[in-house]
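One chain, subunit A, appears in both complexes that follow, with subunit B as partner in the first and subunit C in the second.
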Partner chain A sequence: MKEVAIIGVGATKFGELWGSSFRNIGIEAGMRAIEDANLSGSEIDCLFIGNMSAGRFINQKHIDALIADYSGMATKNVPAIRVEAGGASGGVAFGQAVTAVASGMYNTVLLGGAEKMTDQNDAFINTAMDATADAEWETGMGLTLPSLYAMIARRVMHEGTATREEIASVAVNSHFHGALNPGAQFRKEISLDTVLRASPVADPLGMFDCAPITDGAAAVVLCPLDEAKKHTDSYVKVSAFAQGSDTLALSQRPDITSFGATVATSRKAYEMAGITPADISIAEIHDDFSIAGILALQDLGLYKKGCAGKAFLSGETKVGGGKVAVNTSGGLKARGYPIGASGVAQIVEISEQLRGKADKRQVANAKYGLAQSVGGTGSAVTVSIMEAV
Partner chain B sequence: MSSVARAWREFPGKYNLEGTKCGNCGTIFFPKRDFCPKCRREGIGKMQKYKVRREGEVFSFSIIHDAPPCNSALKPYAVAMVRAKDGVMISGQLVDVELDKIAIGMPVRAVLRKLDEDGAAGVIHYGYKFVPA
Partner chain C sequence: MKEVAIIGVGATKFGELWGSSFRNIGIEAGMRAIEDANLSGSEIDCLFIGNMSAGRFINQKHIDALIADYSGMATKNVPAIRVEAGGASGGVAFGQAVTAVASGMYNTVLLGGAEKMTDQNDAFINTAMDATADAEWETGMGLTLPSLYAMIARRVMHEGTATREEIASVAVNSHFHGALNPGAQFRKEISLDTVLRASPVADPLGMFDCAPITDGAAAVVLCPLDEAKKHTDSYVKVSAFAQGSDTLALSQRPDITSFGATVATSRKAYEMAGITPADISIAEIHDDFSIAGILALQDLGLYKKGCAGKAFLSGETKVGGGKVAVNTSGGLKARGYPIGASGVAQIVEISEQLRGKADKRQVANAKYGLAQSVGGTGSAVTVSIMEAV
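And now, the complex of A and B:
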């Protein structure tokens, strides 16, 4: 297997991009990544795109062909592959792109992630999000995706491994960083009270415990590590990629206060990278719901069970907090959650951090950064580890 | 949820809590499975129909305020994960209860109720919901 490098990254601003279509944002992110890698575009020999629901959101299926066409790749008949894995679409697409380069099958690969959501109303979008849970035995019985995470939160509080305040502080942490990220949807700090007093969505979770509806796209360019220097002095190494599955329905798990797929996948990733959780300086985690942030830090082995909530509440997870800086991009909660783009945007943020280009939210002397992407209630999980070179 | 056939196929599970039991290791599954993920090859052809106990207790719950269009008339409404007496976990709505009286550990039982109505197809879906026992 070849070692793989990220030689270019790019992203659009995340938010309600009224003036931009799906193809506009997809192309903008891709162009930025190609430009960042000092490429012309003609070097790209394969294209992957993470996207959850263009078929529903913009009534366009076959978006692999759309992006290949409008990025100019179709004139050279470059293969284009769309990847869907619910909320983990971007993370899984990244894994496919890494695998393509590592195998030697393709050499210079462009990976994009994009979602155009705000052309639809909230109820329509939420129903699509709910469809990442078990459509027959969860949502078909009246449950919603937020209610499933709410039941995880309730159980965590019942078992005493996090308080309501600690869970809410995950959103406070993400907004703190979102305020420092010019590309974020919400560039405003929030207080714990704001989260606790927000209107209820699925009790005990309220509006500020849930990631927003967002338009956005992100992209990265990958090539073999030993060819990276040919293109740029500013690249990072992909030290590990691992992916795991779990039951589709939450009710089928022995324990709902932990995502077994995150535990298994992160262990595999640390082993592949030859490091331990203590080596990680930055983590981008899938905080589609605040409670997911608590589970993530514990399941990734960055904190012991019962300690992640305290870390968020004390501010230890912030830039300069002294331990792992969590969701310096603003995370899904404040940077925004254009579903298929988020897993790719995490890779963009980690790469910017490791190249020292994260400006006001820069983490000092970071060697390793980790990204975790999650589909449904932990039914698909990816963990990627990047290394500064 | 739109076609009549799609709903009809799941009647045994949704009306009668019919799942399966592995004839090899004895594990009970709900919803039903075609083979046992624990026994794999050894369990093939040995899955038996099994009716899950209708009594159980609340393992966790949530009150839904932001409901999908098909259930917007119900909101706020409660959903729960219920541990049935034979150990199986089932998710569903919890009704005929004061929302602020729901607690983890509360005894409940499954009853047959109208789930929702598919306006376009004119199909009314029925299935289990939980009520206080």
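And now, the complex of A and C:
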């Protein structure tokens, strides 16, 4: 298998993009990534798209063809592949694209993630998001995605591996970074008190423990590592990609205070990259709910169980905080959560950091960055490791 | 890249499977394929699933995790990837799985396609299927998938490259074979008159020109060609896989009497396999509407423009008819059209034929078989070529 490089990245602003359509934001992100790679669209051999629910949100399935068409690539019959894995859709799209280049099947590949959510009413959107839980054994019984994560939080607090304050500080960390990111949906710091006093969603989680509803798209261009220099001086190496599954229903797990798929997948990724968790300087993690941030740092081996919450609360997860800088983009909570785009936006942020282009939120001297994307309640997880060159 | 073999295939019966759920049919097909390959589920390294609309039809997204879970593979954190490309979903899943094995990323891969459609009312299903056309420029204006194909038929008849009778005979051919396939939804021959006198759907197409609404699943196991013999004596070589896109809206094409993506993709596939159309003895083509069968044979280079209709009408597309045996499974029209499963079911049929296991519909001495899967009105096309060993 060939080694793979990221030679271009791009994203739209994340937020309520009422003046733009799904196809427009998809193309905007793609074109930015292609320009960043100093390519023209005609040099792309294959497209991958991560998207969760365009079928429901904009009544458009088959968005592989939509994006190929509106990017002008359909005139060359460029193949386009849409993948979906709930919240991990973008992460899975990245993995498929990496495999396509590593295999030699395609040379220059564009991958993107996009979701247009704010044109629908909230109840409709929530139903679509809940459909990533088990329809027969969870949502069919009245459970929702927030309530499932609330049960995880409740159990974590019961076992004493994180306090309510520590869980809430995951959102504080994301907003701290969101304030530094011009592309974020929420560019405003929040206090611990704001999170703790917010209106309840599913006890103990309140409104500020939950990622928002967002429009947005992000895109990345890949090519073989040994060809990257032909296109740009500013590229990043993909050191590892791994993906893993777990039971769809939370009730089927031996332990709900840890996501087994994150544990297994990250171990595989570290091995592929030939590094240990101690080598990671930046991590973009899937904080769709604050509690997920606690689990992520622990399951990724970046902190021992019981220690992630303390790290968030103490502020050492912030840029310049000392150890691993977590969600410097603002994460799902503050950058925003356009579902299919999120896993790709994480790769964009890690790439910008490793190329020294992250401006006010730049992490100094980072060698390795990690991105973790999660579908449902941990039933699909992707872990990618990127390396500065 | 490694050469790839099909070492096991399986499918459920296609039809109105009211006694079975989506997860049950998915698992049934998968287990049959695994047993056919003389494997146990624990030997599968990665799963691919083609599905169009479980999110709408059964309120379940994230079916990658669902299938990994209910097949028992989630306990080993086996990665699972769902792809969607409208009617080409199964074909695209096959392509991604072939790439995964060819790249060396995974060794033994299970891919499946499944759709559970008959639990919903027809209007709801039709809306979901229409969502594979362009939501802004076609369905938003009142166009439907049948009416788009009707316009193609009308144009073909206007240009004189097929008559109404010739178009209708595509359905007659599929039903002839469906009667011979115990797994088909419709096991009944029909006459040309039946097709011509059926109630109209979108003029000139009537009810028998349109593939039915179906529940069903199909699955295939792949491994590197040089390891196939370790598992079974009865395997098939994958000689080529190619995929291509075209504009989403039909109005953007220079010519609607041909699918450019089929032309480009099949040329690429023949080149990869090192053969010409004359080497193909069996073809499974995407006859979601009868007119699509005419286009397919011509665009695949199996017949010249203006000749495919005559071939269907004369019966030379039937088993023993002399030239290429077309849709020996019964095709989408008579075997049934569970959308995401269809592209995989085609591979199952070609494999059974090339292994000499197609019973009453067996084509004699076939060396090469081709499968063509189509999304929307030709906006995504996959072409696979399999070879007897």
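As a convention for this text, the second predicted complex is superposed on the first by the 389 of 389 C-alpha atoms of A that agree within 3 Å, B and C clash if a C-alpha of one lies under 4 Å from a C-alpha of the other, contacts with A are read in each partner's own complex, and residues count from 1 in each chain.
Quick note on the criterion: a contact is a pair of C-beta atoms (placed from the backbone, for glycine too) under 8 Å apart; a residue touches a chain by one contact, two chains touch by 3 or more.
The structure presented is a predicted model; accordingly, all values stated were derived computationally and were not measured.
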{"item": "First (subunit B), second (subunit C), both or neither touched by A:A65", "value": "second"}
{"item": "Which superposed partner A:L145 touches (first subunit B, second subunit C, both, neither)", "value": "neither"}
{"item": "Partner chain(s) touched by A:E136 [first = subunit B, second = subunit C, both, neither]", "value": "both"}
{"item": "First, second, both or neither for A:V9, with subunit B first and subunit C second", "value": "neither"}
{"item": "Touched partner set for A:P79, first subunit B, second subunit C, both or neither", "value": "second"}
{"item": "First, second, both or neither for A:A202, with subunit B first and subunit C second", "value": "first"}
{"item": "Which superposed partner A:A128 touches (first subunit B, second subunit C, both, neither)", "value": "second"}
{"item": "Partner chain(s) touched by A:H158 [first = subunit B, second = subunit C, both, neither]", "value": "first"}
{"item": "Larger contact residue set on subunit A - subunit B or subunit C", "value": "C"}
{"item": "Overlapping contact positions on subunit A, where the subunit C interface meets the subunit B interface", "value": "127, 135-136, 139, 249, 252"}
{"item": "Interfacial residue positions of subunit A with respect to subunit B in the complex", "value": "123, 126-127, 130, 135-144, 146-148, 150-152, 154-155, 158, 199-205, 249-252, 256"}
{"item": "Partner subunit A, residues of subunit C touching it in the complex", "value": "1, 21, 23, 47, 52-53, 55-56, 58-62, 64-66, 68-70, 73-75, 77-86, 92, 95-96, 99-100, 102-105, 127-128, 131-132, 134-136, 139, 242-249, 252, 260-261, 264-265, 375-376, 379-380"}
{"item": "Of subunit B, residues touching subunit A in the complex", "value": "1, 10, 13, 31, 59-69, 71, 74, 76-77, 79-81, 89-93, 104, 115-116, 125, 127-129"}
